Amino acid sequence: MTILGLPILSLIIFFPMVGVLLLLFVDRNSDELAKWIALAVSAATFLISLPLYWAFDANETAFQFVENVSWIPAWGVRYHLGLDGITLFLVLLTTLLSVVAVAGTWRQVEHHAREFMISLLLLEVGMTGVFVSLDVFLFFVFWEVMLFPMYFLIGVWGSERRLYAAIKFVVYTMTASALMLVAILALYFYNYRATGQFSFNIEDWYRLSIGLPAQYWLFAAFALAFAVKVPMWPFHTWLPDAHVEAPTAGSVILAGVLLKMGTYGFLRFAMPLFPQATQAFLPWLIGLSVVGILYGALVCMVQPDMKKLVAYSSVSHLGFVMLGLFALNQEGVQGSVLQMLNHGISTGGLFLVVGMIYERRHTKAIAEFGGLMRVMPIYATLFLIIVLSSIGLPSLNGFVGEYLILIGAFQVSPVAAILAASAVILAAVYLLWMFQRVFFGEVTNKKNEAVADLNWREVAVLAPLILFIVWIGVFPRPFLSKMETSVGHFIQMVHTEPSARAALLEPHRVADEGGSDVSIALKTQ
Amino acid sequence: MDIQLIFFYIFAVMAVGGALSVLLFRSPVYCALALVGTFGFLAAIFILLGNEFVAAIQILVYAGAIMVLFLFVIMLLNLRTVEPFNLKWSLPKVLGVVVSIGILAQMIGVFTSAAARLGPMGAYSPERIAQEGAVQIIGQILFTDYVLPFEVISVLLMVAVIGAVVIAKRRLPPPGEEGR
Amino acid sequence: MTNFLTTADFLTILPETIVFVMGMVVILFDLFGRGRGTRNLAYLSLLTLAVTGYACVSLYGQGLTGFRGTVVADEFAIAFQAIFLIVAAMVVLISIRYLEAQELPFGEYYALLLFATGGAMLMASSRDLLLIFIGLEILSISSYILCGMIQGDLRSNESAMKYFLLGAFATGFLLYGIVMLYGATGSTQLGDIASALTQREVYTNPYIWFGLGFLLVGFGFKTALVPFHMWTPDVYEGAPTAITAFLSTGPKAAGFAALVRILMEALSATHTQWVPVLWVVAALTMTVGNVLALQQDNIKRMLAYSSIAHAGYILVALVVGGKDGLSAIVFYSLAYTFMNIGAFAIVILASEQGHERVTFSDYAGYGYVEPVLGLCMFVFMLSLAGIPLTAGFAGKFQIFKSAIEQGFVWLTVIGVLNSVVSIYYYLRMVVVMYMQRPTATSLQHRATVSVPLYVAIAAALAGVLYLGVFPSDLLHFSLQSVSMLIAGR
Amino acid sequence: MIPVSHVLSLSAILFTIGVTGVIIRRNAIVVFMCIELMLNAVNLAFIGFAYGMHSMVGVMFVFFVLIVAAAEAVVGLSIMLAIFRNKGTLNVDEINLLRW
Amino acid sequence: MSDYLWLIPALPLAGFLLNGLLGRPLGKVFTSLVGPGAIGAAFVLSLLAFLQMLDAPHQTLTQHAYDWIAAGPFHVSVGFTVDRLSGLYILIVTGVGFLIHLYSVGYMGDEEEYAYWRFFSYLNLFVFFMLLLVLGSSLLLLFVGWEGVGLCSYLLIGYYFKRDSAAKAAKKAFVVNRIGDFGYIVATLLIFTTFGTLDIATVTGTAASKLAVGGPLVTGITLLVFLACTGKSAQLPLYVWLPDAMEGPTPVSALIHAATMVTAGLYVVARLSALFVLAPTTMAVIAIVGAATAFFAATMGMAQNDIKRVLAYSTVSQLGYMFMAMGVGAFMVGIFHVMTHAFFKALLFLCSGSVIHAMHHEQDMQKMGGLIKKMPITGWTYIIGSLAISGFPLVFAGFYSKDAILWESFASPIGGTWLWVVGAVTAVLTAFYMFRSVGLTFFGKSRVDPHIEHHVHESPWTMTVPLMVLGGLAIVGGWVGIPHLLGGPVHLPNVLEHYFDGFFATIPAAAAEHYPESTEWLLMAVTTIGALAGMYFAYQLFSRYLAKAAQWRDAVRPVYELLAHKYWIDELYEAVIIKPIRWFSETVLWKIVDVRLIDGLVNGVAASARNLGGALRLTQNGIIENYAVGIAVGAVLIFWWLLF
């Protein structure tokens, strides 16, 4: 299925390459031009991806906009793309945040802006690819290739300890995904034994029923790769380093999209492929998620560096996402998918605003600031809104996701849900404390006297994020309704034995209850 | 007891003695001479094993050509500087000696073991060689079965010659010194 | 007994013949063409290789055998011969500027290169231990000489001597192995050995095990497997860079070709014995190579250690065996040729008149001085590290795929973890090129232009990317090329 | 009649002596002599087998080994010549510019 | 009309947006019009809604706006309900809110530095959320308002953000409230899993059928809800934020921290009365906590010198009263006191604000005195308020509500003598400290700093008018709840009782034994006399005999210190909870687990690989012999493997 007869997904994936090619021909010194090209291309990509939302059929369980071409016949690898209600939003988030990232770091790239933008665009290619690949080999290719633009972003344009952070990021991830590769190969042969043909098609693999001890090992391999990416405690230590060293755009993308790949991996691969193993490991995974939630929150409280604080807060928030995923019920999973978006928007926003002050003062140490409220009121206001959404204030986006997750988790493990809920206290503590120290009080540091408030560009960058923060908070239906069917399908998958999935995997429509049409009519009862 | 065997043992002991002296003599020249001796005794053993022709070649090529080349080079470099006998016994060397003794043990063990058995008998019994003459047989085989190796080995010699020229020949001799 | 040499005999060794004869022609040209530079010789050699390539292609699929079955022109042989030709061609391309930069104006160079190539081709195509031995010697002796080419340079001499002494030492072991096999089976032809091994009393003969052991030692030296690898870094570092590029690809591949042929055609009956040995050796080789490479500051040396590690990967494929495994050997050898020679080509391009740039720090900021070349180097490094969309990944994938298929899970795990370790030092090059400011010693200005080098780099890049993105064709080809080995098993 | 095993044992002894020499001697030329010793041990083994099996293959092999040995000698000695010119010594443990 | 219920919260929201976005460019006049205007309009609408509600079926209006969250079985819609409870509340909120907005126009009139428009936009936003809280027909929507008012109080307490004390107080308020919210969230989770919905009407409707009386589930739910209430309504142990909240501008204290927000807790309890009555344990807890809070706060109030702090503690104490009422099941009475308290406490705060305004932001009562001459309106209204809160009999509002509470605490089946005793004592204390403040502030000889003495004058009409209106309400407000004991003879009906007839759930074991009227008379008399005594005594002491007061204070110095330092509760929390947590997070989790253990492990692996390389390197010493040894060793090993 395509839009206007275009292979829309390929178009979205590879359109940024156009920008890359253009940039290659830009003179290496004309930074401005490079930035504009990158902005234009990423914006165009976003516009191209927008129609997906309307073209997507919210009641169809099967993948949509599918493209399926043979790629490496020798291994049975196919160029197989597709979209469901979950990846729909992840793709849109990716394209949106790419634009934001390009525009957000306009002034921050002091050198080699051209290469910077090339990396960003390549990164976008990789990320979109990861989300829409239905061929596991293809997925793995995007998964690994996407690391390197990020590696450059951190390593070239990062701050002091950038080299350490960059290599740590790559090696950490690579180690985990290397084991995943072994597991993939194993599955590949299970599939061969079962069906007699070599295929990496995930939909075929969904039909594989694998013996028990093997299933545990394979699940562990997959889970490890994704847990590092998420990151789940205790595999999170690359995250603070990477975030602190990365340039703003890097942090935004890293927090906004890359972390989602881990959760997405669980959702698409680890859990549906190994239902029994999932059930077996569930208590542990839930436990780790909760530990991550509390751990991240507690460690946040004592961070002297804004970016590090936000980084650890990601650990906590992603813990929520995982918790919702492992709840394995409609509320939990829908909440966690929504929370992926929320986290992308809010935390991306946080990194942006931190980056904006960093551009002005070249420090991220909380102690350096104080009393900014008077110097830069607009900045303070937007900052506060984003902080509140990250705290999970009702009527802002964070709350909807977290509450759904809690509702879902509570039905599975009340204790976990209650412990997780206690994070709402901590979130308020660490974020508001930071806000207070940065913005309230007299301007103690002379350097802060003359700091300029946000300019129109920066406000424009933040505006869409704020818009979504409020929109999702006040009226999340447009988002929830689109993902409802796919999430339900996912849950059914995890709950049914692979051998019994035949009917499930047949494309079928679900009854149209509260589907795409959203009523805002004010009815009286 | 068979006279051949006795001679074999005599030559064997002498060959080993020569080898050991190669191992132990301090001056390269002595070593070279000891090596020539060893080759000689081996040639003798070849004769005992019924291959006079090979023995002759052994003497000609090895003792005659190769060792002369050695001596020539030794003289050329006038390595009068006798290698001090302290072999600089380092841990690796000790280990090496132990290991090589190990190899020896293993080899002897294998060669004398009962399981060790020769391959199928060939057509060239000593008697046949004696009556047809080794040279003729060898020639025949060499130009039929072994014509390809025979041709290819020439390339090897060619390479060796070129190599000697390329490496040893002096281009642009340093001033104040005539090339030897 | 009468004997007619038929045309089939000559056709079988046509490629080798062409290479050898043209090698001598090159020398004659050099003799009469002194002073006119060596470029013409280079182009002559390229022409030779091209013609030979054509010969190989036309022989492909005919399955000729000649000289009483001592040589064959089967798919396996031709596949490897093609690899050797590609190696030689690229080495010639990168040598042209190198020789000029290092003031080595003599044509024997190309002749020796051709001879070495011929030797390697002979190793791949012969089914007689004697011929394999002779081919090996031609290859080795030419290599010794090529290593020692730079007369005035002690390092060059030293690497030549080390290579020579240790090579001869290993040759001794190899020969003893041959003796043993001969003693146990009465023949040196692979076919005969195999048929002899079908009898039980031969199979239990300790001579066989001895022979096998000695052979493994000898070839282990040639292919630089742990613990027979120690010469590699020293020799590679001291040798002229272009020759290092050759050594790390050509002889290694040749060694594997011969080893595979011997193990598959002659000793496949004993695989239950050598598989576990090689399992351990492979694990050691990968690990030691990678771990040692972590420590290097000299790029040539780093690549030397990494070549040890790559030999380990190839050995995994040999251990795994089977159609997939053996085809992986062919595939990986070619892939490795492209990426490794590509890297060396850039090192050569970066070096200047009389001064080579072989330490990492020389490349600080290189990626910005030479964006395109830096990018190529980046791609080669990724490929060596085995990142998807590069030949390196495709090769590793084929290897590990076959390994998993045959159930060598732990070997696979060791392998993938090793490739993660390797990422660390390959990325170090990237770090230096892109993430460090140019230093006083590092390359500040653009290097001199050399069309042949550009051609070589472009070819390498094309190869790496093509094999990385569309490996299918070569996979099919390599599967064909090894099919008869399996059939013979 | 000479038992082959004795011949082989002799060749084994020579071979081992050669190996030992390579390991402990320091003068490159002497080291090379020891290698020649190893090759001779191989030749002896070939002859021994040929003698025991009434086969000519071994004998043929000996010729080629001889030639190879000669070729190696030529190249090897010229390499040593070059080294001696540049460095003035042939003590292998002093020739270690390239290490680690 | 019910189609337009959404307008009631929407108007303040619009006001917020207008002020927030256009306030700065368009200036003060605009803001002064929009801010109070929006609330005034909302008040009118609320009045209409209220009247329509009175003759609507079941006296309830509901409006379903739109579906908010829907995921699987979980479904929450945005809808508004006006019934007798919320109807009363919106009147208080918008009415009092309007007066306070009006007052603020004058009070904040000279505000430059912190931006006038910010103040009003925040204030409007607060009213919006408060209305959402009250009108929300779903527990989750209620929670939105609940958190929203918390946010606004955060913003408004921190309004003078330059003051560190203000910033800290703001954060403290929000965080402490969050602790309560945690309880609320968990409670909603439990409720959803039990009832399958969060719609208040359904929950309260089916509570009796779905929950066993006194069962663990209902007890848990109600206790958690009550935890939330202790946060929002400043009860033990979470009351600590309210006194600090006085850092905010005085109108804020009046609106948020006296009249409306802090009574949200009571609103929730009243809303869910159907659940609470099923949980006697919770009820007992509430009653005890309420009583204890009332008493403690009152004692602390006696030792404060900051006029606003006195009022703050009295607020806490009064809230304690209300919970006491709730605890004994007298929901109606509690709400009654909420209403009267809204009037007189707002009045008191506004008066104090007027004083502070006149005194150039001087809040220490010891630097005041004799102000009654300079600012009569303020003075007298303040006295009215004080009389009301101290429960001056028969006239003032406080008397009726408080007396009702005390009576219920004695007479209700859950209540008892001890409860009554505590309440009564508290009443006396209240009278004492209120009139202490009256005496110190308005009577006796002036202790005002001479520099500002001659500036002191009565406030502008925008401030005094609200004072007078509220003063009036503080008197008549109570007349809607005249007890039968007094009203019976003269045929004055207890309007409120009739109004709330059958609205609140009643305790199942409602067979309250009937006391003779004489007891009721007696109790009333005792408390009233005690209160009057307290008033007179305090007034005399602190307007005339300050020196003696000081003597006596020194006589009981330790006690005084204890009270003045609020029992060192804050310090206690700091030492017992906050410090340990921070230490644990910083030292254990971050410095040890993260950096040492996990990262140590990660880097350790990398380092060990490098070290291994360094070690193996030593074998590569460049000497041929060693390499030969390597080969030989390898050979031996392989032979060994193959042969044996």
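By written order: A, B, C, D and E. Residues from 1 in each chain.
By our rule, contacts are C-beta pairs under 8 Å (C-beta built on N, C-alpha and C of every residue); 3 or more make two chains touch, one makes a residue touch a chain.
None of these values were measured; they are calculated from a predicted model.
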Going chain by chain, each one touching the next, work out the least steps from chain A to chain D. 2
If a chain touches chain C and chain D alike, it appears here: B, E
Quick one: how many steps at least from chain D to chain E, stepping chain to touching chain? 1
Which chain has its C-alpha centroid farthest away from the centroid of chain B? E
Which two chains have the greatest number of C-beta pairs in contact? B-D
Report the chain whose mean Cα position is at the greatest distance from that of chain C. E
Specify the chain with the shortest distance from its C-alpha centroid to the centroid of every protein C-alpha atom present. A
Chain A to chain C, mean C-alpha position gap in Å, rounds to 44
Give, as an integer number of Å, the spacing between the C-alpha centres of chain E and chain C. 80
I'd like to verify one number: the distance from the centre of chain A to the centre of chain B, where each centre is the average of its C-alpha atoms, in whole angstrom. 72
Using mean C-alpha positions as chain centres, tell me how far chain A is from chain E in Å, no decimals. 38
For chain B, give me the residues that contact two or more of the other chains. 92-93, 96, 100, 103, 107, 110, 116, 118-122, 145-146, 149, 153, 156, 159-160, 163, 167
Identify all positions of chain A at which a residue touches two or more other chains, and write them in rising order. 171
Numbers and ranges of chain D residues touching at least 2 other chains: 8, 15, 18-19, 22-24, 26, 31-32, 49, 52-53, 55, 57, 60, 64, 68, 71-72, 75, 79-80, 82, 92-93, 95-100
Go ahead and list every pair of chains that touch. A-C, A-E, B-C, B-D, B-E, C-D, C-E, D-E
Contacts from chain A onto chain C in the complex sit at residues 28, 72-75, 112, 140-141, 144-145, 148, 151-152, 155-156, 162-163, 166-167, 170-171, 174-175, 178-179, 181-182, 185-186, 188-189
Touching residues (chain side chain E, partner chain A) in the complex: 2-3, 6, 62-74, 79, 115, 140, 143-144, 146-148, 151, 154, 158, 161-164, 166-168, 170-171, 174-175, 178-179, 181-182, 185-186, 189-190, 192-193, 581-582, 584-586, 589-590, 594, 598-599, 602, 606
Report the residues of chain B in contact with chain D in the complex, numbered from low to high. 2, 4-5, 8, 12, 15-16, 19-20, 22-23, 28, 31-32, 35, 38-39, 42, 45-46, 48-51, 54, 57-58, 61-62, 65-66, 69-70, 73-74, 76-77, 79, 83, 87-88, 92-93, 96-97, 100-101, 103-104, 107-108, 111-112, 116, 118-126, 137-138, 141-142, 145-146, 149, 153, 156-157, 159-161, 163-164, 167-168
For a test of understanding, state which residues of chain B touch chain C in their complex under the given definition. 107, 110, 113, 115-122, 140, 143-149, 152-153, 155-156, 158-160, 162-163, 165-167, 170-171
Of all residues in chain E, those that touch chain C in their complex: 606, 609-610, 612-614, 616-617, 619-620, 622, 624, 626-628, 630-631, 633-635, 638-639, 641-643
